[in-house]
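Worksheet: the structure to be examined is printed underneath.
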Amino acid sequence: MKKVVALFFVTFLFTLGMYSTAFSAPHMKVALVIAGELGDKSFYDSSYQGLVRAEKDLGIYAKVLPCKTDPANYMPQMIAASMNFNMVIVVGYELIDTLKQVAPQFPKVDYVYIDDVVKAGQVTSIIFKQNESSFMAGALAAMLTERKDFPMVNGEKVIGFVGGEDYSVIRDFLIGYEQGAHYVDPEVKILTGYVGGWDDPATAKEIALDQFHHGADIIFQVAGGSGLGVIDAAKQAHFWAIGVDSPQGYLAPNNILTSVVKNVGNAVYDMIKDKLNGTYKRGTIYTYGISNNGVGLSYSKVMLKNVPADVIRKLIQIRTDIITGKIKVKSYFDRK
Amino acid sequence: MYIYRSTIATLTMIMLPVLGGMWTLQAGILNISQEGAMLMAAFFAVLGSYIFSSFWMGLLFAILASLMINIIYAFFCINLRANIWVIGMALNILASSLTILLLKSVFGVKGSFTSSKIQQIPSLHLGNLGPLNAFLNDFSLVVWITIGLVLFFKYVDTHTTFGLHLKAAGKNWQALDTAGISSTLIRYESILINAVLVGIAGAYLSIGYLKLFNKDMSAGRGWIAVAAVIFGDGNFTWTLIATIAFGFMDALGISLQSYGLNSNLTLMFPYLAITAALIYQGVRSYRLKEKG
Amino acid sequence: MKNAVEFENVTKKFGSVTAVNAVNLSIEDGEIHSIIGENGAGKTTLMRLLYGMYKIDSGSVKVFGKKVRFSSPKDAIANGIGMVHQNFMLIDSFTVYENVVLGFEPKRNLSFDRKSARRIVKELALRYGMNVNVDEKVERLSVGLQQKVEILKLLYRKANILIFDEPTAVLTPQESQLLFDILKKFKESGKTVIFISHKLREVKEISNRITVMRNGKNLGTFKNEEISEERLAEMVAGRKIPKLSLPSVDFSKVALKVENVSLVENGVEIVKNVSFDVREGEVLGVAGVVGNGQSELEEMVSGMKKPTSGKIVFYDEDVTNLSVRARRERGMVYIPQDRIKTGLAPLASIKENMLMGHQNKKQFLGKLAFLKRGNIRSFSISLIEDYEVVCKSPEEQAGTLSGGNMQRVVIAREFSHRARFLLVSQPTRGVDIGGIEFIHKKILKMREEKIAILLFSSDLDEILTLSDRIAVMYEGRINYLCTREKSDLTKIGLAMLGMKR
Amino acid sequence: MMERYKGLLIITVSFFLAIFIGGLLMLLYKVSPIDGYKEMVMGAIGNKFVLYSTLDRMIPILLTGLSIAISFHAGIWNIGAQGQLYLAAFVVAAMGVTFHGIPSMMYIVIGVSVGLVVGGIWAWIPGYLKVKYNVNEVVLTIMMNSIAVYFTLYMVNGPFRTTQGSLGATNIIDKGMWFKHLNPLSNLNTGVYVAIVATAVIVYLMVFSKYGYEWKMSRLNQRFAVYGGVDVKRNLMMAMVVSGMLAGLAGTLLVMGDYHRFLNGISPGYSWTGMILAMMVNYDPIGVIITSFIYAVMASGGLQMELMLNIPQELVQIIFVLSVMFVTAGYSVSNKMANRIQEEG
C-alpha cells in the first residue's frame, strides 16, 4: 500500500507544476447548478432549455454543474460555479443551505435561486406557484372524470396522483391538485401513491395501474423518471396522464391530458437577459404564478379536440379567479 | 382482484433472477451481479428492439448483454478467485454508469429513452376463458416463460444428471472433478443459464412490462433476488416462498397506498415480511435443535 | 509379465518444490504394488499424476504399453484407472448410489435414471460382499462404509488399475483386514492394485512388490520376499529408528476425574454415562473406531462442548461448566484431532497460530489490550527453533506447511503452556515417521514431568506405545479398560467392534 | 519477504493498468489522459477548497468503510451500515431540533454518544439474532437497511418535517450541537477530529489490540478460536456493535457537522462504496484509509473533469470500477502466489 501512496504523490507533484487556470473568455459566463442531473424530462431539463436558449440567443458562455443528488457534491459544485462564473443559477431546493453559505463569500457573483427564497444580499429568488397550476389540473381532471362525452373516462369520480417520493414539494403539487378537484366537486376521490424513488418506472406503472383499477382514469404524475411508467401505463390501459414541469405531451400524444408546466426555462432565460440588459436587480424575489405565465397548463391537441366547451370556459374562469385572488390556493408550506 | 395481477408482474421481475441465482448457488457461486446484469439487459433489450423493431432481437440483445456481465463475473470469481462481493458490486456500478453513457452516445438522450419503434414483448390472449379471464389472460409471454422455467428448474434439479452435477459442484467440487467432470465447466454453465434468465428479466422490465429505458430502472430488484437466494440457501421451496412473499407484500403495499396509508410505511412491507420470516425461520430451527 | 503402468522419468514441480523427481517405475498387470514413504515423499503426487489431476512437467506415462497424456481424471477413468483418495471424494448430502454413479449416470432419454442407478449399485455391492444401504446419505455412514462407497465407485466405472491412497489410516485393524481381503479378491480377478501407505506391516502383508519413495525420488522397487521390514523402515526414514520405552512412575494422585458424563445431541445419546480418571504422570489411551463418541468426549473434556449430564473434576475443582479459556488458565492443554479444522487457522501466519491461547498472558498482553508484537515474534521464533518447524519465516501462512510441520506448530504452541493436564488426540495422523518419533518423545517427556495425559488415537500402535492404561470406546461407552501389560491386540480389536471383554 | 513485495507490485500494477485503460477511455472523449488525470488530481487537492471538500467527502466513506472492515474482519457480515447511518443521523437530528439550551460541549458529547448508541443498537439486533439463533445476518441487515431508510424518510417528511422551506429535511439542529465548519466555503468541520479519533481507535482495535487478533482468528477459523479459549460469540457481538457505532458516527457527523440537519438522501450509498473499499483491501484499516482517500480524489476530481473537459462523471465511475476490479483480481492473484497451500504428497 505504501507504494501506491508514494506513486500517487509523485503524480500529484508533477501535475501541480503544470497547472494553470483554464478560463479566460471575456464575455458573460453563466453556471447552472442543479441538485439532481439532466434527463428528468421535467424540472431540470426545463431549466437547461432556458440556459441553452440564452446561450444561443444571447451569446453567453454557459455550463451545467450537476450534483446528482449527492450532498457531498453540493458544496464543491457551488464553489466551482462561484469561482469561475459571473452568474450562478441554482436549481433545486436541496441546495438552499449550501447557497446561503457560499453566496456571501462571493459578493461579485450574481446568484439566482429557483424554487425557494434565500435572503442573502445578492441572491435573487424565484418562486413557482406549482400549487396554482396543480389546482387547475385538479379542477380539469375533476370536471372531465365524471363526463360521459369525454373519451377514456369511466364516469366514476375518482382521479389519481403518483409522486416520486413523499415529501413536501411533491405534497405541494398534491395539495393544489386536491383543492382544485374538490373545488369543482367535493365528491371526487383522489387516490395517491408514491413510488419511493425517481428512477423506478416499473413500480410507478404498477401504482398507476392499481389506481386505474380502483377507478382512476386521470392520473397526475410528479415522479421524474418514474413518471414515465405512469405514462406507459396510460398508453397501455387507455387512461389519461397529466405531465409535470415540462410539456410532456410528446411522450404520449394520445394519453397526456395536459402538463402542469413550470416555466423554469423562461425564468432562467429572463434573468440572464435582464443581466445583459442591465435591468437585473439583486435580492429581488420573483413569483412565477399563473398570472405571469410562470406556471400553467400546457394542453395537448387530442385533449383540446375532445374537450367540451363548457369545461374550457369553466377552466378559464377558475384561472381568472386565481389571478384575482377570488380563489385562494392552499400551499403545503403555509403552516409556518 | 387487481392485486393478483400486480403480484404476478412484480414477481416475474424478481423470479427470473432468483431462479438464475439459484442455479449458480447450486453450483457454489453466489451471484451478486444480478442488478447490473439486469440493468444492462434492460438497456440492450431496448436497443435491439429499437434497431430491428423486433422484440426477439431485443431479447437476444438483452441476453447477450447479461451474458457479458455474467462472464466477467464468472472469470473474476471462478478463475481469479476474487472476492465475489467486490466484483459483483463493482459490476453493478459499471452497468449503471455504462448505460447512462450509452444512453447519451447511442440515443443522444439523458435519463431515459422511449420510442414507438420499440416493439414490446407481446401478451398472450388465450381467448375467452370465462371466469378465468382475469387469472390467465393477457399476461406477457415472459410470465408464461417464467412459470415454465420454474417447473423446468424443478425438473432439472431433481431428475437430470446435470442437476446432480450442479449440486455436486456446489457441495464438493473435488469429488466432481475426480469423477472426471470439470466443476469449473459446470459452474460456467450455471452462470450461462443465469445470464439467459437475467437477460430475459431485464428485457421484460424494459420492453415487456414497460416500453422504455430509464437509468437505474432495475431499482434494486436484482438485490432483492440476491437476498431471496441467500435466504433460501439452495432450498427450492424456501427460496420460492421468500420470493412470492416479497412480490405479494410489494403489491399489497402499493395497493394499500390507494387506501391512504403513508407510502414510506407501506414501502417497508416487503422488507418487514422478509425480516419476520427470517427471524421465524431462525428461532424455529433453534427451538428444534434445543428440543433435540 | 505385461506392465500395467510405466512411469518414465516423470517430474512434477510445485513452485520451487520438486514433488516428484525423475521417477521411473513400472507396475505389473495383476499385482498388488505398494508404494511406501514418508508424508511428502511424493507418493500421492505421483498417483495424482497418473490419475490426471495434475499435469506432468516432464517425462511420460504408459498405460498397458500405450503412451498416454491425461489432462483430467476423465481421461484416466476412460483408460480404466480408478483412485480412492486419502480424503474421500464424496458428497455428504448425496445418497450412496448417487455418489457411486456421479459422472457416469445411467440415463433414460434425457433424465437421470435413478431406478437403474440404484439397481446397478445394489448388485455391485452384493457381488463384492459389501453391506451398504444404497439409499443412505453418505454423511450418515461410518468412515469404513464411506471407503466402501469409494471402492464401489471404481468398480462401477470398471477400473482395472485401482489406486488406494493411505486407505487404512482411518480403519480399525479388523476393518483393515476386511479391506485387504477385498484387495486380494481384486488381484485374483485380474485387476492391478496400487497401494500407498506408510505402515510397514500392512505393506509387507499384502504386496507383491514394494517401491520406496523419499523426497520425490524412487529409491528402488523390491519383491516382497526379498526385503525385511527393518530394511524398509530404514530406507523410508533414511536412518535407524530407536524404540521408545516407558519408565515406570508412581500413579497415585488423580488429576482429572470424569464422572458419569453423557451427551445428547439431536435426540441421540452420543456419549453414555462415561466415567474414568487420569492420574499424574499417567497416559490413558482411548482407542475406538471413529464415530463412537471419542470426539465428543474429547470436546467435553476440553470445554468446547458441555455435557448433558455428569461431572468433570480437575484437581478437586468442578470444571464441567467452565469455558475453554478458564480451563486453559487452569493448565489444561489440548491438542485436537483435526489440526486443520480445529488446531490451526491455516490462512493465518505461523506466528498468529502460535499466539492462540497465549494472548491473555502478561508476556504478550500490554496495557489497554495492546499486543506486544516484539515478544510474540521472538516467542514464535524460539518455538520454531525448539520444535524444528521447517518454514521460511514466522509470517508464513500455516496452511502452506506440510502436515507434519503443521502438527509441530500445534504441539509447540500447546506444550509451551505451563501444563498440568494434557489432552492429546490423534497427535501423529498424517505425520511422517521422523515427526512421529519427535512427537512421541515430547509426549513422554511431559509424562516424566508428572503431567496427566489423556490420549485419543485411532492408531492402535500409537496407543500401545504410549499408554499406561488403555480404554476402548464403543457406541458412546467405555467398553474396555485395562493396563497395558495386561491387554493384547485381539482383545482391544474385539472391544472396538463391540464384543464384551 | 520477496513474495510480499511481489504481491504489492502486482496490486500496484493492476491499479495503474486500470488508470491506463481509463486514459484510453478518455481518448474516446477526445481528451488527453494526461490532461484528464491532471484535472482530476487538481480538482481534488489543487487548492484549499477542493482539498477540504475531498476530505469532507472522504469522512463518511472512511467511517462506513471501517465499520464494514471491522465486522467483516471478525467474520460477521454487517451489510447494514446504510441503515445504521440513517437511523443514527435521524435520531441525532431529531434530538437536535427538540432540545435546546444545553451547553454546547455537553450537547456535542451527548449528540455523538446518542449517534453511537443508536447505530450500535441497530447493529446489535441482527448481531444478537445471528449469534443466538443463527439468523442469516446478510439478508437481515439488507432488509433492516430498507426499514431504517423508509422509517427515517417517513419521520422527516412527516412529524419532523422542516418548517423553514421546501427541503425534505428536518429543521436546523440546535447551534449548541454543531461541529463548526472549518471554513465558510467548506462543509469540513471540527467533527473531523472525532473521525480521526475514531479511526485511530479502530486501527488500534484491529491492528494492535488482542481483539483484532481474536477477531481475525474467529473469521479465519471459528472453531480454532473457540478451541483457543476465545469467547467468539461475545467477540462477534462486540465487532457488530462497534461496526454499527462507526456507521452511526458517520451519520452523526453528517448531521452535526456537514449539514446541521437530516436530509433526504443524506448518504447516497456511502456504505456501499465503503463496503467495496473495505473488501478490496481485505479489511485492512490502513488500506481503507488510503482507498477512501483515493476514491474521494476520484469523485471530487471527477466534478472538475466534467467542468473543464466535458468528461462525464460516469466515466470516472467506470475508471473507479475498473481499478476496484483490477486491484481485487491482483490481490487474489498475488495471494494465490504467496500463500498457495502446499500440496501434500
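First chain written, first letter: the chains are A, B, C and D, and each begins at residue 1.
Just so we're on the same page, a contact is a pair of C-beta atoms (placed from the backbone, for glycine too) under 8 Å apart; a residue touches a chain by one contact, two chains touch by 3 or more.
Given the structure is predicted, the values throughout are model-derived calculations rather than measurements.
**Q** Determine the set of chains touching chain A that also touch chain D.
**A** Output, common partners of chain A and chain D: B.
**Q** So which chain is farthest from chain D, going by the mean of the CA atoms in each chain?
**A** Looking at centroid distances, C is the chain farthest away.
**Q** In angstrom, rounded to a whole number, how far apart do the mean CA points of chain B and chain C lie?
**A** 45
**Q** When the centre of a chain is set as the mean of its C-alpha atoms, what distance in Å lies between chain A and chain C?
**A** 73
**Q** Report the inter-centroid distance (CA atoms only) between chain A and chain B in whole Å.
**A** Whole-Å distance between the two chain centres: 34.
**Q** Touching two or more other chains, which residues of chain D qualify?
**A** 150, 153-154, 157 - these are the residues of chain D that touch more than one other chain.
**Q** What positions in chain C touch 2 or more of the other chains?
**A** Where chain C is concerned, no single residue meets two or more other chains.
**Q** Residues of chain A that touch two or more other chains: which are they?
**A** 165-166, 196
**Q** Got a list of which chains touch which?
**A** A-B, A-D, B-C, B-D, C-D
**Q** How about chain C: which of its residues touch chain B in the complex?
**A** Contacts found on chain C: 51, 53, 72-78, 83, 85, 89-94, 98-99, 102-105, 107, 110-112, 153, 264-267.
**Q** Taking the touch rule as given, give the residues of chain C at its contact with chain D in the complex, in rising order.
**A** 14-15, 17, 19-20, 39-46, 48, 302, 304, 323-325, 327-328, 334, 336, 341-348, 352, 355-357, 359-360, 364-365, 368-371, 373, 393, 395, 397, 399-403, 430
**Q** What residues on chain B touch chain C, complex-wise?
**A** The contact residues of chain B facing chain C are 159-161, 163-165, 167-168, 171-172, 174-182, 289, 291-292.
**Q** Which residues of chain D touch chain C in their complex?
**A** Checking each residue of chain D against chain C gives 1, 4, 204, 208-211, 213-214, 216-217, 220-221, 223-231, 338-345.
**Q** Okay, in this complex, where on chain B does chain D touch?
**A** 76, 80-83, 85-87, 89-91, 93-94, 96-98, 100-101, 104, 223, 227, 230-231, 233, 262, 264-265, 267-268, 271-272, 274-275, 278-279, 281-283, 285-286
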